[in-house]
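Okay, so here's the structure we're looking at.
Which chain is which? They are A, B and C, in the order written, and residues in each are numbered from 1.
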Amino acid sequence: MFAAMALVVTWLGQASFRFDVGGKRILVDPFFAEHEARLYPPESVDEHGAGVDWLLVTHEHIDHLDPYSLREVAARSPGLTVVAPAPLEAMVRDAAPAAAFAGVHRGERVELPGAGSATVVPAIHGRTVADGYPDDPAFVGFVLDLGGTSVYHAGDTIVTDTVRRALAPLRVDVALLPINGRTHYREREGLVGNMGTRDAVALATEIGATILVPYHWDLFRGNTEWPGRVVDDAVEAEAPLHVLTLRRGVPWAA
Amino acid sequence: MFAAMALVVTWLGQASFRFDVGGKRILVDPFFAEHEARLYPPESVDEHGAGVDWLLVTHEHIDHLDPYSLREVAARSPGLTVVAPAPLEAMVRDAAPAAAFAGVHRGERVELPGAGSATVVPAIHGRTVADGYPDDPAFVGFVLDLGGTSVYHAGDTIVTDTVRRALAPLRVDVALLPINGRTHYREREGLVGNMGTRDAVALATEIGATILVPYHWDLFRGNTEWPGRVVDDAVEAEAPLHVLTLRRGVPWAA
Amino acid sequence: MFAAMALVVTWLGQASFRFDVGGKRILVDPFFAEHEARLYPPESVDEHGAGVDWLLVTHEHIDHLDPYSLREVAARSPGLTVVAPAPLEAMVRDAAPAAAFAGVHRGERVELPGAGSATVVPAIHGRTVADGYPDDPAFVGFVLDLGGTSVYHAGDTIVTDTVRRALAPLRVDVALLPINGRTHYREREGLVGNMGTRDAVALATEIGATILVPYHWDLFRGNTEWPGRVVDDAVEAEAPLHVLTLRRGVPWAA
């Protein structure tokens, strides 16, 4: 029997997370670039983007695949491998030509030696609203086994049977889920939607997570959600899980 | 110059409203029957269901077209006319054979002599989730001109361009809107969705309502919403309207 | 260097917590008794109240010093010591005559061999509203050092300079705080108040906690609070801490 390795999770805002485990560092969807719709400045790439071993990308939208972040993280991380859906290879290589690239497909399990593994799961989102939330291989989530703790990062996705079926056989301890929802008027603004707070609670419950961490509620003007709603929805549903609302930039020992 | 006739609105829970104007009484979607999923008992049919002139129905679901209510209201209302989408004629006549029936179509304007009129507008909902939110003439809303005040009762509907286009040329002072939203897990339970809180605020704003009254957040276990969310969403959106959360059974002089 | 011992925290509802660390078990304010104002049944005393080493009491109110819980826990815990404010000695000995009793005073540090220690801090509450929130030695909180993690259980208290001064020199990692607030009408019902959600966020911030866990929002009809408000208040304040809303009965590895 081995004890689990200590895992430290640092939320960097929106869908961006840093994981430190066993001396390895993983970033998911880093977004260190400035952007006119930002409600707060980006976290420091010097602090969070150096010495990164793996940079995981869930899909191509700017707040998830940010060329500036890829370039700047690669420049500070000699051993970097970018892990992204295979269809995004050109975008990733263009942004970070010096980094190794691992194109992944749904259902695959990618080893992260010394840290754990990443199982690739589907995400149902879309490049544009007009895509109609297709089942597109360029959109994924990851179930990360990091030092013995299983963390699901959903990417950007609504809940569908495709998502639920892919997760059913996997163990999840901590569910990191988007909560900003999907509305007619936001779609008219070009904002492709995600699950809302009630679906996040129900999905986390169904997959057996003990802790639900909401994300994607904070960054862009006009696309926010109140995270307290997740809490009250979980209470209303008597969901058997804790809801953890992280503060950006403050490490959490998971 | 004549003053507008006094209009009194009494919410009876869920989508059910009573309007008193010029000595006339109108009910929309009365639901006086018991039901196992009710979170509170029905209002009194003796108090609210007697002497009714028009009973308007938006669609066939039990909390909107309740055969018990139709029968009991008809028994207490000698001059009753039931106004409902034409495809529901058989259901209505079966429930209240003695009452007059007016089958209506989207786009029509129905006169309510002595009270005002009702303009029929589309609602996008569905008998079952599998229907996929079709554009079905059996689902409507009403824009009621009652003593000079224009009140939009949306029925059960999501927001779509069809709904928006139908409302665009109409004046609306008071928007009565469902807010319980549409989620994957509720749809799995067979619950056809409606607009959520943010879309309700945006729609009320777009159609120029001065007052937004949320409904359909309160009645059925497992299909509720917190009405305070509409308030916070309106504040966040800086929407130029008042949000009025009515108490069931307490008259409001509109 | 010693690794921190694993600490597991299980919330049992209201102010009641179970701590497991280094093979030792600690309960704070257990309340396993039935009560007419309960909104949910008590947790199982067999599951949570057996083999307890220390039972800490913050003050004499029934949801904190419950004679039934003291008796039943003592019956299942041969090595039990009850730690309570010295003025409560008679009440404790009366409820659990067989258990050891340690009467404590504010400012003292009590060793909990094999688990850590408990530093006694003031709480400002009152037996009745008429007491006027006095500085009374019968009301305390505890700063628990459990396996290297510092957990502040505030008891029932408002925030005052007395409370803040006592906490200032102490390190706190996790702040367990009541959030049900203090209102005129609840005081008229005989309910002595506590800090509300905003003061909980501000106090947790001031004492340097990384995690704020709200409690005392759930149990008694007429004395609840929405825990989501703590989350939204923390976001509004940009408080540099995480907010963790625990689910009753589900262990949390702190």
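The rule is short, and it goes like this: contacts are C-beta pairs under 8 Å (C-beta built on N, C-alpha and C of every residue); 3 or more make two chains touch, one makes a residue touch a chain.
Since the model is a prediction, treat every value here as computed from it, not as a measurement.
K.L.:
From subunit B, what is the lowest number of touch steps before subunit C is reached?
P.N.:
Contact-graph shortest path, subunit B to subunit C, evaluates to 2.
K.L.:
Counting only C-beta pairs in contact, which chains form the busiest pair?
P.N.:
A-C
K.L.:
Copies subunit A, subunit C: same or different interface, half of numbers shared as the threshold?
P.N.:
Here the answer is same, because the shared fraction of interface numbers exceeds one half.
K.L.:
Closest chain to the protein's overall Cα mean, using per-chain Cα means, please.
P.N.:
A
K.L.:
Rounded to the nearest whole Å, what is the centre-to-centre distance of subunit B and subunit C, using the mean of the C-alpha atoms as each centre?
P.N.:
Each chain's C-alpha centroid was found; their separation is 48 Å.
K.L.:
Distance-wise, how many Å sit between the C-alpha centres of subunit A and subunit B, to the nearest whole number?
P.N.:
40
K.L.:
Taking each chain's centre as the mean position of its Cα atoms, how many Å separate subunit A from subunit C?
P.N.:
Those two chain centres are 35 Å apart.
K.L.:
Which of the residues in subunit B end up touching subunit A in this complex?
P.N.:
Residues 158-160, 181, 183-186, 195-196, 198-199, 202-203, 224, 226, 229, 232, 236.
K.L.:
Considering the complex alone, what residue numbers of subunit A touch subunit C?
P.N.:
210-211, 218, 226-232, 234-235, 239-247, 250, 252
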